[in-house]
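Before anything else, here is the set of structures, which you'll find just below.
There are two complexes below, and they share chain A, which is joined by chain B in the first and by chain C in the second.
Let's turn to the complex of A and B:
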């Protein structure tokens, strides 16, 4: 076991895999920064290049690229409020709010440092979990996955504003998200739902155009109306300091970062939960760490913990999502599905053998994720202050560039003008939500989890009828969901009594 | 002199065509996003086609996903120019969408300029190896219910077992809603379901790993499953046989490649030759073998025949067929 761990490290540290990894990192860096151009697409495009490589080299290349995408995606989210990837949208809420307060450097520092911690914790969690990973994954059947989605939806409680009114708005926004997830052809009867007789909507609403609309458009309008720059009228000097402050924040809230990393790893291991879920669950958990109503209000307005949570989960989930791919040949995401294609190309057979006979190769992949993150974070820190200075650029100069990124980004999801329309429609919805004081996070959470919840509920009932309700893990998860909903209420009562 | 003229005349089209494609870009439009089987096949072809087209044009892949690739088919049928530079590859079940008159279908499958198909996709039924049934007959006779995992109506994971249940009297319970065929495989592993139907390509790694065993297949065949019994052969009535045949007919044309209906016969001929040669290309064969995809060229004329066969069914067969089979995936 320990031997395999080191053997894996040595495999990656040979000069050829290392060079390929650096090439992958350089590529992934840009892919992550640019919204829309997703990690999965890039993996598909790069796959032909691995034919001539050895397995360890090929995975160093592919995974190095993939691991970095999530990290640099956070940068775009923080600076411009435009999700660089579908998996880095949660960082916007507090990260971009910080940028607007002139703390872009601190937010970026926090995002990168927590990413790094996330990647390392995720890797270690995996190393520890490998002996029990197969039983763990096999314990989570459709009923358990459904309940996991419910736990995720329950986090809406802590993502909403306090008070009955705030809760109500949160759950309504979440309900709207769930509704949006039902658009498209349903998988049970094949009926087209809410497609308005357009072919475009058959496949359902794509996450990227919706996220870009809901988050980026209101920010752009805000920037245009305020005039000035993203960071407002703050003196130039204040912007550049703070990257180090962000790193310190990571250690100030170290346990939160660790817990969110573990959430990320766990969601990553669960096949079928998808990459976007982890960051929102982690954000929900981070929001729970607010000790009183005053602190709670700070979330969404630039609390650094709102950056640390999703930042950590985003990278720790990568290691986790390798597991179903490697151990069962069942990919947890599109990117992993493409990676699975890479396995075949290289003559590796995913399955139980990868956790025993080929364990060093498996560990070399985990190491690749860790090393790629370390390299990226170090490189990023070199330019961090220059990047942060972008928030001091005049809006009139910045807006056209951001708009181009926004629309190209959403258009790449289907190469269809419908993508642009969806961005505009959800941009309007997002703008109205911001104006009216409705929280956007529950909406996104509902949308991300809607399809998962619906499908697994249907399967659970079709397969087990009512018997699934009494499965032990289902009961435990139900208790957790109730606790997640009640927690903010209890917290409030405690605050009142104190 | 006369001989020279004749010679020139004979050579002319080839040189003209070489000039035609030289420096140009041929686009293969894929009706799905990056990452799936249709996309992977197109990308392998795009790498090796240029060698086999006179003038060695650049070949690129463009993804046009949406509506289970109806959007891509409509585009190449009506919008793309018939200049021999745009090729489409899409859902093999598009003739079914046309047959059962799905809203939004603007193409006529029989009118495309058919290059052909790059592979045939065989659907198999596979069940867990620890179940006591070794042949389909044993399963059928046992009358015990087994649970089949599926993605949704319109996919072979759903339609194939549905017809088996309706016509061959196997006691199957079909549970649909899994997000991908890989998710069903995991459900099999944790014994949530007992088996699944799916393309042999996607099931094969799990057969090799001895997680499942194949019991039955549809008409289209591939190396490795030739000896399995075929669903149609077990059909109790001609009507049942016709419906099963109709479901599996498009699978013979598993990876369709077409161009605009008005494409000139010269351009079509060039592309057919190029595809046939590329699929035999030693480098391509080596690559596709590594990637575990079996490519085999099926000529365009044969594809048109299959399309006509599917679309010329009597109304009563179509009516009954559409009771069971929806269009999807």
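Let's turn to the complex of A and C:
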């Protein structure tokens, strides 16, 4: 095994795979920065180019590109409050709040350093977990996966706004997200649900236009209202400083970063859960790590732990989602499903062969994730000061540029004007949510989990009827969901009585 | 202002979830299970929220989310928000009428000149830079299909 590990490293470091990996990194860097251009879409676009490549070269190119998308997606989220990727939306909550306080450099430093730690943890998990993961994946059937989705929503709804009122709004936002996910053709009966006889809505509400609307439009309007720069009237020198502080933050909260990386890896392993779920789960966990109600208030207002958690989980999930893809041919996410196509194009069959005959190729993937992230983080740090200074640019200059990116980003989801209309409608809803003090995170998680949860609920009911509710893992997960709801309420009560 | 926004959201959610449940009732159980299972609790919670606001309990809560700047009077915030929203809607209208290749430089230039009160030189240079980025990346490199605007198609 150790021999194969080093063989994998040597394979990646040969000049051709290395050049392909660098080309992939360069591409992924920009794809991550630009809102709307998704990593999965770019993977699909690049797939035809791997025909002529050797497996190691092809995976160095594809994985090199995919591994850095989440890292650079965080940069757009922190600087402009616009999610560069659907998987980097959670970083906005505290990352952009830090940028507004003149701590863009620190937020970027934290996001990049935690991304690197996350990527290494994910890759390490991929290296060691393959023989152990089979029983875990097999323990989780549809009922357990449905309950996992419920735990996720309970987690984020209870933590994103404290107190019974805030929690209720959190659940309302989550429920609204779940309802939005039901728009489109129902996968079981083929009924067109809430489509108003519009062909565009048959495919459901696309996540990117919704996310861009909910997060970017309120920020843009706020910038227009303030008539200043993102970082306000803070001196330029202060904005670009602090990148090193962000790196130190990663190590100051090292165990939180590791725990969030493990959450990302775990979610990545679970087929169908996807990276958008991992970031919110990690954010919820980071918020829960606050020692008291006073500390918890800082989340959403620029607590660096709110950047570290999702930053780490975003990248560690890649290693995690590669585990079932390589070991069982079960893709953990859309991107992995496309990558699976790459396996077949190259004549590789996922399964036992990848763990025996092609083990060096498997390990070359591990090394690609690690090296690609190290290269990206180093490159980002070189330009960090210049990037952070963008928050000092006048709003009047930034707004049109951001709006162009927002509109093109949402339009490219389906190349349809309907995408922009969806962005505007959900922009208005996002604006009302911010104004009314409703948390947006549970809405997004509900929207992300809706289709998955519905599918698993249907299979659970159809297969087990009511008996699925009595399965041991389901009961444990239900108890966790209840505890997640009650814990902040009890903690608040204790604080009031103290 | 926040209580009115919360009231609007609460009523909106009551309408959406109520409509969702009523419509779903007519579908086969496979299609209606999830919308009904989610729609009913959302309707009840939204009704509680509306009642809460109606009874005068207007506390904003401490959401872990970004909050609008609060150093301006409500009236001014509303006025500036409406102007911002009008620019966004105007950009969308320009895209539909003229298509992206014309709407992008038109919007960027007009926003910089009229709203931002920037100099002619900066407005023209920045517009050219944004257009070059748009044209080079999305049109020439990625070959994204940008349809003609309705007005352009008529000409």
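The working rule: the second predicted complex is superposed on the first by the 491 of 498 C-alpha atoms of A that agree within 3 Å, B and C clash if a C-alpha of one lies under 4 Å from a C-alpha of the other, contacts with A are read in each partner's own complex, and residues count from 1 in each chain.
We adopt the following convention: a contact is a pair of C-beta atoms (placed from the backbone, for glycine too) under 8 Å apart; a residue touches a chain by one contact, two chains touch by 3 or more.
This is a predicted model, so every value here is computed, not measured.
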Report task. Could you tell me whether chain B and chain C fit or clash when both sit on chain A in the superposition? Result -> fit
Query raised in the report: Who does A:415 touch here: chain B (first), chain C (second), both, or neither?
Result: both
Report task. Answer with first, second, both or neither: which of chain B and chain C does A:126 touch in the superposed model? Result -> neither
Report task. Please indicate which partner A:165 is in contact with in the superposed arrangement: first for chain B, second for chain C, both, or neither. Result -> second
Report task. Could you say whether A:361 touches chain B, chain C, both of them, or neither, answering first, second, both or neither? Result -> neither
Query raised in the report: Thinking of the overlay built on chain A, is A:189 touched by chain B (first), by chain C (second), by both, or by neither?
Result: both
Report task. May I ask you to decide whether A:433 touches chain B, chain C, both, or neither, giving the answer as first, second, both or neither? Result -> second
Report task. Based on the superposed arrangement, let me know which partner A:458 touches: chain B (first), chain C (second), both, or neither? Result -> both
Query - chain B, chain C and vertex chain A (Cα centres) - angle in steps of 10° - result: 80
Report task. Would you sort A:70 into first (chain B), second (chain C), both or neither based on which partner it touches? Result -> neither
Query - Per-residue touch tally on chain A - higher for chain B or for chain C - result: C
Report task. Could you tell me if A:447 is touching chain B, chain C, both of them or neither one (first, second, both, neither)? Result -> neither
Query - chain B and chain C, minimum CA distance [Å, superposed model] - result: 7
Query raised in the report: Hey, what residues of chain A end up touching chain B and chain C alike?
Result: 186, 188-189, 415, 454, 458
Report summary line: Listed in rising order, chain A residues that touch chain B in their complex are 40-41, 43-45, 47-48, 51, 137-142, 185-190, 197, 199-200, 202-203, 271-272, 324, 328-331, 334, 337-338, 340-341, 344-347, 349-351, 414-416, 418, 451, 454-456, 458-459, 462-463
Query raised in the report: Can you name the residues of chain A that touch chain C in the complex?
Result: 81, 92-93, 96-97, 100, 159-163, 165-166, 168-169, 171-172, 175-176, 178-179, 182, 186, 188-189, 191, 193-194, 217-222, 224-227, 287, 296-297, 299-301, 306, 394, 396-397, 399-401, 403-404, 407-408, 411-412, 415, 417, 420-421, 424, 427, 429, 431-441, 450, 453-454, 457-458, 461
**Report entry** chain A contact footprint on chain C (complex, rising order)
**Finding:** 1-3, 5-6, 8-10, 13, 16-17, 20, 23-24, 27-28, 30-31, 33-35, 37-39, 41-42, 45-46, 48-49, 52, 57, 59-69, 72, 77, 80-81, 83-85, 87-89, 91-92, 95-96, 100, 104, 107-108, 111-112, 115-118, 122, 126, 130, 134, 138, 144-145
Query - Contact set on chain B toward chain A in their complex - result: 33-35, 39-40, 43, 47, 62-68, 70-71, 74, 103-104, 147, 151-154, 173, 175-180, 182-183, 185-187, 189-190, 192-193, 205-206, 208-209, 287, 290-292, 326-328
